[in-house]
Structures are given as C-alpha cells and as structure tokens.
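Below are structures written as structure tokens.
Two complexes come next, and they have one chain in common, subunit A, joined by subunit B in the first and subunit C in the second.
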Partner chain A sequence: MHRFALHRVWDTRGEAEKMTALLTPRNVLLAVLLAFLALLPVYSTLTGNYFLMSLFTRILILAMAAVSLNLIMGFGGMVSFGHAAYLGIGGYAVGILAKEGINSAFVQWPVALLASGLFALGVGALCLRTRGVYFIMITLAFAQMVYYVAIGLDRYGGDDGLTIHKRSQFFDSVNLSNRAFFYYLCFALLLLAVYVVWRLVNSRFGMVIQGARSNERRMRAIGFPVFRYKLVCFVISGVMCGLAGILLANHTDFISPALMFWTRSGDLMVMAVLGGMGTVFGPVIGSIAFLLLEEGLSQFTEFQGIILGPMLLAVALYARGGIDGILMGLRRG
Partner chain B sequence: MADALLTIEGLIKRFGGVVASDNVLLDVARGELHAIIGPNGAGKTTLIGQLAGEIVPDAGRIHFGGRDITALPVHDRSLLGLGRTFQITSLFANFTALENVALAVQAHAGHSFRFWQDARKEAELREPARAALDRAGLSHRADTSVAGMSHGEHRQLELAMALATRPQMLLLDEPMAGLGPDESSRMVKTLRGLKRDLTILLIEHDMGAVFALADRITVLVYGRIIASGDPASIRANAEVRQAYLGEQEAVAHV
Partner chain C sequence: MLYLIEQCLNGIQLGMLLFLLAAGLTLIFGIMDLVNLAHGSLYMIGAYFAATFAAVTGSFVLGAILALVATLVVGMALEVIAIRRLYGRDHLDHVLGTFGLLLFFNELVRLIWGPAGMTLPLPSEMLTAVQVLPGVYYPAYRLVIIVATLVVALLLYVLVMRTRVGMLIRAGASNREMVGALGVNVKLLYTLVFGLGAALAGFAGLMQAPILTVQIGMGENILILAFVVIIIGGIGSIRGAFVAAIIVGLIDTMGRAFLPDLVRQFVSYSAGSSLGPSLSSMIIYMLMAAVLVFRPEGLFPASSK
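Right after this comes the complex of A and B.
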C-alpha cells in the first residue's frame, strides 16, 4: 500500500538506498513544507508581518481538525458531517470556564477534551448503527443541535458569541498570549496528532478500522465485534478535534456558534478530500491549500466557491488520492 | 447423534410468502464433510446465513459444540470456532493477501485495542497467516494485493482467511463458484486435505466435487430437506433424481 511505502523501505534496504528511496518529490516537498512552517514565526517576528503568523496558526489548528476527521473518514469510512461540533464543544468549554473565572488550562483542557469525548460517545453510539447517507445526516443533525444550543446560551453571548479575556493559563512561564509561542504549540500538537494517527492506523486497532471500512461484513465473519472498535475510533477523533477547538478559542480569543456552523464541517471534509484521505499527511496539505486559496481568493471575490467548487470536483473526479496522492504518483527524475 | 458438532432443529425462515427454510433438521457429525445440494433458490445460502448468524431464523434452534448459538451474534460464532467462506468473494480489496489473512488471525488473538505497535510487523500475526496461506496453496502470492489476484486465487484466499480463524467447523458456500476445471480440481484436493481435521458443511453446485468429497449429502428443495444420506443412497434416491439430479448430466459420470 502506498501510504506505508516509506515505512517498508526502512526495513528492507541498505542505508544509501534508504536515503535515495526517501528522496521522492513528495517527501522533499513535505520536508520543505515542514521547514517553512517551522521557520515562519522567525520570519514574522523579523519583518513584523504578524498577519501571516496568525493566518498560519489558524491553518495549523484547522489542519488538526481535518486530521482528526480523516482518521474516521479516510481510514474508517465513517463520513462525519458534523465534525465542527467538536471544535465548538472544545472552544465553548474553554470560553464558558473562562467566563466563570476558571482560567487554568489544567481544568479547562481536560474538561474540554472530556466533553468532546462524551459527545462523540453519544453520537457515535447512535449513528454507528446506521450506514451511508443516514450516518452523514445523523452526524449533521447532532452538530446542528449543538449549534442551536450554543445560540440559546444567553449567558455566554448567544448568537453574538463571547470574548475570552484571558487565554488558558498553564504555568507562569508558559504564556499562550505570546504569538510565536502559541504558534509553535499548535505546530507541535499538530505534528503529534499526525504521528498519533499514523501509529493508530498501522496498529492492530487501525487494521480493524481499515478492515471495517473495506468490508465490514467480512470483519464480523472472521470474529471482530466491529461496532466497539469504530466507536472508540470515533471518540478518539472527537477528542482530537476538541483539542483543535481549545486551540481555536485561544487563538481567536472568541467563541460563537459560527464555530460549528454546518458549513465548517463541510470545510473540514473538503480539506481532507482535497489533501488526500488515504494518508496521514494529506489533510494537513489539504488544509493549507484550502485555507490559503480561500484567503487568496477573498482578495478578488466574495464568491470563492465559484473557483473552489470546480477544483474540488476535479479532485473528486480525477484525483481520488487528493494532492498527496498526486505527489506520490510523481516519479523522480 | 451423539457426536454431532452442529445440530439444527426445526429451522424456519420465511421471506414474505417464500419459505427459504422449511423446518430444517440436520446433524453434522464431528469430522464429517457434509454437503448440501439443491437447485437454485432451494435456500442453501439462507441456511448458511442463519448458521453464521447473519440471518435470524423465525423459529428453530442451532446448537454448536453443545451450545445453543441461535441468538449469538456473527463475531461470537466465529470466536467459538464456526468459520465460513462467502459465495461471492468477500475480501479486503486494498490489502495484500497476507494482510487479509493476518487480519483473520488477529481477530482470534485477543482484543485489538492495541494502538501503538505496527501490526504488520508482528510475527504473532504474520506466522500463522503465512501458514494458513500455505494450507490454501497461496503462499507464493502473500505480498500481492487482492486487486492483482485472479478469481481462482480470490477463492483460495477466501478459504485461507476462514482457516486462519482456526475453526472447528467450516461453512463453505460454493467454494468452486466460477472456477475453471484445473482450479476446481485443485480446490477439491485442498478440501480433501482439510477434511480430516475439520468438520465441513459444503454447499456446492459442482456435483463432481460434491460426490468426490462428501461423507454425507443432504438435498434441499424449496427450503425442505427431501433426502439425507451417504452419496450412494442419494444417487439412488428416486425423489432426488426427479427433483434435482436428473437434470444434471454430471451425476451420470460420477
């Protein structure tokens, strides 16, 4: 399988061959991309271009959400059309606690992750009993439910949203309000998320999840109680997206129901599909491409969809593996 | 029967007005290869579906190894040692042959809530998987992806996966379906090799294979058993000839 090619090479070839085998256009591009992301705050600090750093902080956070969605959608075949709900739940947990005077990250973050996990457990327990379109519709329905609950929270801003006056507090030495520090925190957590997903999908657990996507009936026939594995996967994904929600609330210092409007769930799906669902890095690439395009196109037109839509269509029709799939198809030299 | 591994008592399944299983009574003895034959629409696959747990019978009981499994879900039956293959090939298309079988091994190697270690490198999964591929005659294709294999190889892989679950009993749903004469005879050979270690319930249209392999044969017509016995008595049975075998030239040559 393609996505494990890098891994296999590591086992079977000599050192020199390993190095050349790793030098595929895709891996070189990934390395350049990571180096760019790692050095971006340096550039921003030197030039004073904080807009760029802020934009990319947002990209990294939404990339994490897309990575979490990809775990269930790309590898598990569970097409969740309500993933923005976890961004909202993570964000609102931070915002509500902040409003109530609890700023400690040691309280905020576990509460936010727990709430995301519990919500995923409830939604998963119901929607995983359905298939196809029903699954998609039920996940969407639950996300909309949370959206309207948030609108009804008058104490926390209702429709208008709520400003967070103080970001999550860790120790005194850790200051999330420092833009470069916060950027690197998001970057590190994104890389961690990608690594975790990579380990997961290649583990025994991941084999079950991928097997269930491929042929659930056969999975049961060979003795797997598929439901419980899918449910755990769904919860892991929800918690990971909740973490992105925590970061997003801290990044914008603001929460509102718009955080989890259904189009946002659609955006996350687009990022995963555009980048390539079959690989762990695909959604990261997809998020960068999508959000940069969106940002770039907004300079020229408010109807970005006119350009983004056909692009997505092209990917769906001609490049099933997304951008990462195209890159992996490229041969060296 | 004292040493019956599988006992089916009064199984009834209706789909609307069609009776797919009409009071089916059947014992399969430990170690025996029991074939079920019957014309299309006789309810053979529906019977397998009920034994495997995918279809819930309207009435009747199924005992396996002395245990009532009528209400047991599919995966639990597999864990008890009731393996199956599918009439229409049912594999993991984006995995290699070895990965397909390794997944079947994994299903019976404790729970799979193991999140970190690379499953493809676990000898505990790979070695038994290789052995199962070998038994099904596919070891040379271990690293080929399912998409790159022939239909005949898919049928062998079906069998390898079922074997990898280390079943006491196999439910084989037309293992020869779509095979050429050479592949068929190879499959007969493979099954003959398995026969002594395993109890097998075989559904098959290839009469040559059935009469070559079966210890006992049950004839199903419109969901009802019209005859059950050793191959010689089935061949001699007038009702069977009339209902089914008479139309099949193949029998004359067996």
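Right after this comes the complex of A and C.
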C-alpha cells in the first residue's frame, strides 16, 4: 500500500509532517542511491576507474530488465521464468542487423522492440491460458526454445556468439561508444522505465492488473476482459526487457546464446524479489545488491554459489518483502 | 532404413532418460505441490557419485549401486534440511529457493570434484554392438539403458499402484490433510517421496554418465526438457510422463536426424544448414504449444489418473 502513501500524505498533513513523513530510511536511501548513480561517471572520469562505470552500466541495464519483470510478476502475479529471452531477442536483433551492415539505431531499435513485443505476444497468448506452475514452466520452456534457436544460427556465431563491431548509430553528434554518455543513456532509460511502471500500476489499467492478481474470477465477473489486460501487460514488459537487451548488446559489443540461458532468467527473478517485489524501485535496489554481491564475492572466493545459494533460500523463506520490505519494516519499528 | 531404426532406438533411449527425471519431478509436484529446480542437480550428483564410486571400487555395477544409494541419501537429507520448509508456500518461493539450491550444488560439486569434468569408462562387455534385427547393430550399453529404465518404470508402477506405501502416496496426492488426519506420518512420507524422486534422477544421471561427460551444469539443459515432458503429459501424472517422455524423445531425435536434410530439399543448401538445426530444436516446443492450445491440462490430466 505504501506506493500510494505519498499521495495521501500530501493531501492531508501539514508541511512539517510532510517532511518527516518523507524522511523514512527507505526514501533517504533511495535519494542517496540516485545521487550516487548520477555522480558515478564524474568520479570514474576523474579517477580513471572505468571498471566501476562499466560494472554499473551493466547493473543499470539488468535493473531495467528486473523492473520489466517486476511489472508482470510483482504487480500482475504472472511469474515469468523466461525473461532472459527478451534480453536475448533485443540483443540478437541489434547483433544480426549490425552483422548485415545495418547500423542505424533508427532501424535496429524499432526492429528489436518489435521482435520482443511479438514474441511476448505469442508466448503470452499461450501462457496466459494457464496458471500457476504451468505458467512458470511454459515461460521457461519457450525461453529455452529461443536459446536453442540462437545456438542453431550458424551464420550469427551459433554457440560461440557474435561480436558487434559497431554500436547502434544515431545522429553524428550522438556516440554510444562514449562511456559516460552511454552510462547516462542507460540511467535515463532506467528512470524512464521506472516512471512508466509507476504510472502504469497507478492507472486504471494497473488497478485491473493488480485486481486480477488478487482475484481473477472476481475481476472477470465485474466485466473486465482480464485476459486482454494481462496480455497487454505481458507485452509491455517484454518490450521493456527487449530495450534492456538492446542496451546490453551495445554495452558488451557481443551477444551469445548464454545471454538467455534459463539460469539468467533465474538471476533476473532473484533481482526482482531480492529488492522487493511489487514496489517500483525494489528491483533497482535488488539488482544493485545482487550484482554487487556477486562481484564482491568473486573478489575473495571463486565459489560464490556456496554463499549465494543458501542466501536465496533464506530470502525465499524468511524475507519475501526483500530489501525494500526490510526498509519499510525499519520505518514501522 | 537402418539409420531410421537406429534413430528410433536413440529416441526411445532419450525418452527413457527423460522419463526418469520427469517421473521424479511429477511425483514431487503431485504429492508435495513443490516445483523443484534442483532436480537437475540430483541428476548431476548421481553421475558424479557413479564416476567416483566406479573408480574407487573398480566395478561399474557396484559403483552404480553405491551412487544410487548415495543420491537417495542426499535427496532425503536435502528434504529434511531445506525442502521441507518450502511446502505449502507460494510457487515463486519454490522457484527462488530451489534455484538457490541449484547454485549451491553447482559450486559444491566444483569445490569437491574440481572444475574439470569426469568420465565413467564402461566395462568392456558393454562396449560391443548387439545385433537387434538382422543386419542392425546397436551399442549394447544403450540397450542396457532402455531395458534398465523399463524395469525401473515397471517397479515404480508396482510400487505406486500395488503396495501400501504407494497407496499412501496416491492418497497423499489427492488429499494431504486427510491422510495426515488418519494417522499417517506425512512428514516421513514426504521425505520418502522426495528421496525416491532424487534416486530416480540420480539413476538417470548415472546411466547417462558413460555416454556424456560428467560435468557441472549437466542437469540444467535436461531439466527443461523434463519440464516440457510433464507439461505435455499433464503435471502430476506418472503415466502421462511416460507417454510424453517417449513422444518427446522420439520427436526430438528424429527432428535432429532428419529435419536438416528435409529443409535442404526446399531451400538453398547454406540456408538449410542454418535453418535446419534451429527448426529441429524448436519442434518439441511447438508440440508443447499445440498440446497447450488443445489440452491445456496435458494429455493425461492428473485428476483422471
């Protein structure tokens, strides 16, 4: 409910109360986080620490994928275990077009988004006929199908993947190879994605989706064509994740089927849940936490899974609200 | 023609392997309502145990038996330590928790056995080819896999349909609370069922070990195929899993064997060699989609088993 809390605060309380109500540990952390993300390229450029900027570019991109997953999983209750497929489709659309000599972003990006959207439409139309565990397994299976198709694409590297020699080209003045520029582009698009999700879930459309999560039969009985609503939501999420795929391909200059192996979908799911499902900023926090943890653990042990694995189990068992939930708990406690 | 028969047998063999995995998955899902992503890890562990024990004892059969027992024990221990806490929770919790277990097992295996894969050499008497039909030779070991799995499937059928434990398992699948209320130790029953599923997965792993390299992550690809099998067969139905496993095994193998050539008949050679493998890997998913459109509950819905 805290998503709506801010509105209520503005309406009913005095100025001073408004300020204290806004100064929750969660909001302070968010503000600090956003400031840090905004200033990171400045720090990197001054100190020459480009590794940090590259790491955070990756984090921002995967955070966007997690945000898109959260839209259907956290708000719509559709547990998609195949979201890495959209990363792959977005990435492969860029890679294949680049390989065929088409570098213009004005062609690459719409094609990539359209491809992700169409795939989401097809998969969604099938999956949404089922529910629960079927839904999980079917999204998983279709994502794995795309993975095998990519392996079969001999012309585009097959199993070994494909190097992208030239990043997407906009106008001459816009250069995606500029690291700081690319970082800010990813940051801006991530904020845009979060904003879009926030607007969506607070709209009438979002209410229908969330209503369907709570009780689909009742929503249908009121007269909403729930299937269509959910399908549209599924497609929006797929397109958003496809955008993350475009950025990821441009960031790594390389695509391979490993991009969409099913464990990658699992990672995205972990990011969304770890941060806090069903809150718009949760997946961003979750992605930062998960990827930094992974990176940090790899510094002193090569066996990260020994620690990460049981940690995930613990999150599943004891901390379903994720980090966001813990922060909310601080406020109450 | 010879090639066709050989591919048929290969398909059945793949189907048998898938059945072993799918039976465990569907049993665990049907009775405990648990989605287990770590099932592939048990398959991997079975293969590692078999390779290790066979090397220690010097006997393939002895190694296989020890590995089977060891996987059963690992499975039951896993249930008691971790899986038990996931019952009755959201499917998303199952997915997250068992995904964590999968990461854990991958790293644990890397820690114990090292990053390099292992091989499990076959005893020499199984390396020969057997004449299955006049003029048709087939590797003896692959026949052993088919026969052994059929025996296991039969034993499973007898266990579930003809014994007291099987009766409790079936009762547990249809009404958990009632079985508990009648004084059955449901906790123990669940541990046994999970152990049984683990042993089936381990058996699949150890039978497959001599054909493939034993390596980390070997269970991850096959797990998804097992999912496809139980979706087609109907979740919770062992009979459905058996039929669907053979269908999927045959279609997948046939597709890979013949589709690339077939495609080349219609399009240019170079396009065909790129399109063929992609198409053949899609067939079983297309089949799954078709089943979902016409029978969303699978071919053998669990309610009518």
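Assume the second predicted complex is superposed on the first by the 331 of 333 C-alpha atoms of A that agree within 3 Å, B and C clash if a C-alpha of one lies under 4 Å from a C-alpha of the other, contacts with A are read in each partner's own complex, and residues count from 1 in each chain.
FYI, a contact is a pair of C-beta atoms (placed from the backbone, for glycine too) under 8 Å apart; a residue touches a chain by one contact, two chains touch by 3 or more.
No experiment lies behind these values; they were computed from the predicted model shown.
Of the two partner chains, subunit B is the only one that A:F205 touches; subunit C does not reach it. In the superposition on chain A, A:F142 makes contact with subunit C only, not with subunit B.
Contacts of A:Y134 after superposition on the shared chain: subunit C is touched, whereas subunit B is not.
By the document's definition of touching, neither partner reaches A:L39: not subunit B, not subunit C. No residue of subunit A contacts both subunit B in one complex and subunit C in the other. Considering their complex, residues 52, 54, 73-76, 78-79, 83-84, 86, 90-96, 99, 102-104, 106-108, 112-120, 122, 125, 145, 161-162, 164-165 of subunit B touch subunit A. If you check the complex, the residues on subunit A that touch subunit C are 73, 79, 81, 126, 129-130, 132-134, 136-138, 140-142, 144-145, 148-149, 151-155, 261-263, 266, 269-270, 273, 303-306, 308-313, 315-317, 320. Against subunit B, the residues of subunit A that register as touching in their complex are 1, 4, 7, 199-200, 202-208, 210-211, 214-215, 217-226, 229, 232. Note for the complex: subunit C touches subunit A at residues 29, 35, 37, 82, 85-86, 89-97, 99-108, 110-111, 220, 224, 227-228, 230-231, 235, 273-282, 285, 288-289, 292-293, 296.
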